[in-house]
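Chain lettering (A, B, C and D) follows the sequence in which the chains are written, and residue indices restart at 1 in each chain.
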Amino acid sequence: MTASKASEVLSRGTIRGKDGALVINTTVEELVNVARELKELGYTHVVSITAIDYPQENKIVLVVHASLYEASDDRPKVVEIRTELNRESPVAPTLTGVWPSAEFQEREAYDHFGIVFDGHPDLRRVLLLEEDFKGVYPLRKDFVVPEEGIEYKEGWGELRG
Amino acid sequence: MNQVTASSQNRYAVKSVGARLSLVEKAVWHARALALGFKRLVFPIRHTHRYPYVRAIPSARNYRGMIVLLDEKCNGCSLCARVCPAAALKMITVEQGEKRPVINYERCVFCGYCVDICPTEALYHTNVHDLVFMNRDSMIFMLDRFTKEPEEPEHVKKVRVVLDEERGLRYVPVGSDSE
Amino acid sequence: MTIPAQAITTRRIAKDVLELHVGPQHPGSGHMRFVIRLDGDIMVEVDPDIGFVHRTMEKLAENREWLKAQPLFERMAILDAANVTIGYFLALEKLLDIEPPPRAKYIRTILCEISRIASHLYGFGILGIFLGHSTAYMWFFGDREVFIELAERLTGQRLTYSFFLPGGVRRDIPTGFKDDFEKAARYIEKRLKEYEAIFMNNPVIRVRVEGVGVLTKDMAVRLGVVGPNARASGVKHDIRVEEPYDAYPELDFEVPVYKEGDALARFLQRVDEIRESLKIIRQALKAMPNGPIIHERYLRMYTKVMKEVLETQGRAKIPAAMINLRPPAGEAYARAEAARGEYFYYLVSNGGTKPYRARVVSPSFRNVLLFKYLMPGYRLADFPAIYGSLDYFPPEADR
Amino acid sequence: MGVIATLIDLLMWPPVFYLVIFPGFIFTFVLLIILIWAERKVAGRIQMRYGPLEISPRLAGALQLVADLLRYLTQEIIIPRRADRFPYFIAPIAAFVLGMLPIVAIPFSPHYYPIPMNDSILIAAALTTIPPLLTILAGWASNNKFSVIGGARESYLTAAYEAVILISIASIVLAYSTLDFTKAVMLQEQITWGILLNPIAALAMLVGIMMATSRFPFEIVEAEPEVVMGPYTEYSGIMYGLCMGISYVRMFVYNLIFTLLFLGGWHPAGLISTGSFVVDSILVPGAIVATKAIVLSLVMVFARSVYGRYRIDQALAAGWGFWFVIALLSLVVSIGVKAIIGWRA
């Protein structure tokens, strides 16, 4: 690994002022390469793989946070990789080949957002049951959780089981 | 790349669990374990009390128990219902369009947000936190019950928890000298 | 949308392998299920099936105002409520661009460390009962009560503290708290010696945990393990040091790291952390500055009644504006070191009164990989020993 | 009238009276209830709590076990559909009864025994080896994976502890040169207690008993976090209660044997003489033997409060690799003892 290459990957991103994370915007094709280069730089594991749903813009943003143990210099401790996916059929390459720690995180993103990770060794739902949530991905914005108002109604609330 | 920043690296102390126990050490630790067990048989520490017959009264100054409404202070601003994270407080309309909160203890999580947000201090916590209800509907406290302190069961010995250096916790009867 | 029907998979089992379903109704499983494949007495494959106590907290948080997420997230790991929610408030404060006053920071640290001790004692108790040691179980749980009592005196609630506010805390330190803590600390220091005789150096327990479930440093790094489990494998990683928050940068403490990575090392690492936590609280109580316990931005909104309550009862009222917090649009992450490891919060605000997205990654969810990769090769009887030593808490993983 | 008289006669017939009333079924049962209550109280005291107290608080919760028994009796017995019914039912009942059976060969005083026999030690030792087979049978008949694993564990352990126990018995028998309990106790009255004659055999047998009766740290067969309840996983109601009782019955019986072989049996009883046959020859020696066995059992259940449980391979290694050797060593000790006291016996 050379210093120039290191700076190349890191310079692609911008430091976010609020929390000091390095934000790298990338594409589906580039995702694995970016991940691989980050791993070579010492970002040994993923902290979180999740997504944010933007139904108006018809996109789902895959957000990967990678981090390092035993930080030895003043590099950003957390790197955030953002990838825009097509909301109709979100498919992303798996990162389990780069970071084995991504296994359950990707399963969870599949579970909650329906993002299919291409090449994942064991892509099953992890937290929800397929029988109850067939084709439904609860963390997308079109899944609405009903909430009660603050006015008293006879028998308390419409959601009282 | 491997420059170690002294301040953070010094925070870690690397240790080892040590070697496996030898036969003699094993015998010694067997004896010590048995001796300690016997010691605690003779001089027990007890952290339980006979709960329904003996009740520990919380010592916390701001204990978050069941909530009581002071009707005359309330101005019906509905902040308590809006801040309630569990939708346990809801507003009911009384005469002249005035609003008052009512509470459903089936849902209440005793976070105390409502008491802390009330701008007129019309809500306060009692020390009671463990009443028994016979059905779910009786857990809804309308104004008649919400404005009174909950009745405590009779024939209950009340104790207070005292932290103790030797025994961890001690229970002393409420009103005794050592309290 | 084309999604392969991969949810229900059938797998062939090798001829000489016994498939054992441990859980969710099994005395040794917790709220989860393990599909264990046994070759004789040796586990060859372990498939952790989690989600039995999943509540989709990330979705529920999107439907609530920022402040209301606290009682919700607390319920991930109710035994460690302070450390669980502190990360959320750190992230929220980054979004709001405020920082709590020094006294509030110290109070937060004190509560977090009390919570850490209580949580570790809970974990020891589970390890004790998994190894069949009922006395250790009762002792650890009984002594945990002392720290629950301390936390109750500080926060007013035994477990679900809901203690933090954006830019502050809800209660000031009560009078006599220092004495109470000193008593509790001396008591637990004595008891730690007794634990040594009855549990950790008890030859029966030692042979059960020594050299069992060895997690090498390399494997720990590869699997992204966090918390005491990583530190017991020689990974020098603690958020309190790496990204210090609250009063930690001003306090002197050390983080124990063990080289071995077996169940015993994981246990002893936590025992040492209890000692360090006592040290931290002692220092914090001594060095705690005077001053407000809530950020002045909110203190300015206080009415006369509210100020009086704060002064006489040490209870910080919540200004009405706090329900309608509108952090500027943007994202922020925050990490906090809980008893089981690193909590990661990633909050996205669109300038509204509710989070647009609240991402939580709990340490147990990250450590769940260990079941899959650490267990195979050990005996069935080692399953509870490894499980107990990982201090895994299913509701925390499921969120 | 005649029927009742016949029944009473039958009950008072010495072998039946011995087996059913004292020191057989009823007596053992009462002792067991006291023993389990004492175990729970001791454990509660050490473990920072009260132990059973809700039922009969004035008797310190002593009736809790009776309440538990009533609860078991009124509970539904659920039989798994796939269980093999006959062995499933017969296994725990037979194990309970056969666990008590060695009492036929155990005398409680020189004059009080059910069947006079010259080889009572041999018979008692042989009968103690039957219940483990039924435990294995229970595990197999339940048709449950956890039960099968538990049964397999029992089968491994049986081989380990039976060897230790039987060799220990053999070595002390070698020292006494008799297979009769009565003679063995009389010999101990003359010389000294067996535990002093051959302490190694006594220690090995004690550990063997703890392994045989699932005492901690050898509570491996029913290890809860691993195999739920081992061979007894599928039992419910009173069947489960029986299963729980088996190990206690066996422990008590083993401890009676141990008392007679190593703790001098009814030893100081000869010092008391009131002139009454019932008091001198039955009640006092019987009480002494029972007390010794109960105290020994309490020491064994005390281990629950101090230890966790071993892994199966560690227990087997301890059984074969250490205690088996120790038991063999005790044979040598017995030969030595025999050489010294041989002329007196």
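Here is the rule we use: a contact is a pair of C-beta atoms (placed from the backbone, for glycine too) under 8 Å apart; a residue touches a chain by one contact, two chains touch by 3 or more.
Molecules present, by chain and UniProt name: A = NADH-quinone oxidoreductase subunit C; B = NADH-quinone oxidoreductase subunit I; C = NADH-quinone oxidoreductase subunit D; D = NADH-quinone oxidoreductase subunit NuoH.
These figures come from a predicted structure and were not determined experimentally.
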How short can a path of touching chains from subunit A to subunit C be, counted in steps?
1
Neighbours of subunit B that also touch subunit A are C
Chain whose mean Cα position lies farthest from subunit D
A
C-D against B-C, pair bridged by the larger set of C-beta contacts
B-C
Please tell me the distance, in whole Å, between the geometric centres of subunit A and subunit D computed from their C-alpha atoms.
61
Determine the centre-to-centre distance between subunit B and subunit D, using the mean Cα coordinates as centres, and give it in whole Å.
46
For subunit B and subunit C, let me know how many angstrom lie between their CA-based centres, rounded off.
19
Check each residue of subunit D and list the ones that touch at least two other chains.
46, 48-49, 305-307
Mind pulling the residue numbers of subunit C that touch at least two other chains?
135, 142, 198, 202, 236, 242
Residue list for subunit B, restricted to those that touch at least two other chains
8, 33, 36-37, 45, 47-48, 82
In contact (per the touch rule at the top): chain pairs:
A-B, A-C, B-C, B-D, C-D
Touching subunit B in the complex, subunit C uses residues 64-65, 67-72, 135, 142-143, 145-146, 149-150, 152-157, 160, 162, 170-171, 174-175, 180, 183-184, 186-188, 191, 194, 197-198, 201-203, 206, 210, 234, 236, 238, 241-242, 253-260, 262, 264-265, 268, 272, 303, 305-306, 309, 313-320, 322-323
Under the stated contact criterion, what part of subunit A meets subunit B in this complex?
42, 71-73, 147-148, 150-153, 156-157
Can you list the subunit A residues touching subunit C in their complex?
16, 18-19, 21, 44-48, 50, 52-53, 63, 65, 69-71, 77-78, 80, 88-89, 99-101, 103-105, 108, 112, 114, 116, 123-130, 135, 138-139, 143, 145, 147
Can you list the subunit D residues touching subunit B in their complex?
42, 45-46, 48-50, 53, 302, 305-307
Footprint of subunit A on subunit B - complex, ascending:
1-5, 8, 78, 81-82, 84, 87, 89-92, 102, 104, 106, 140
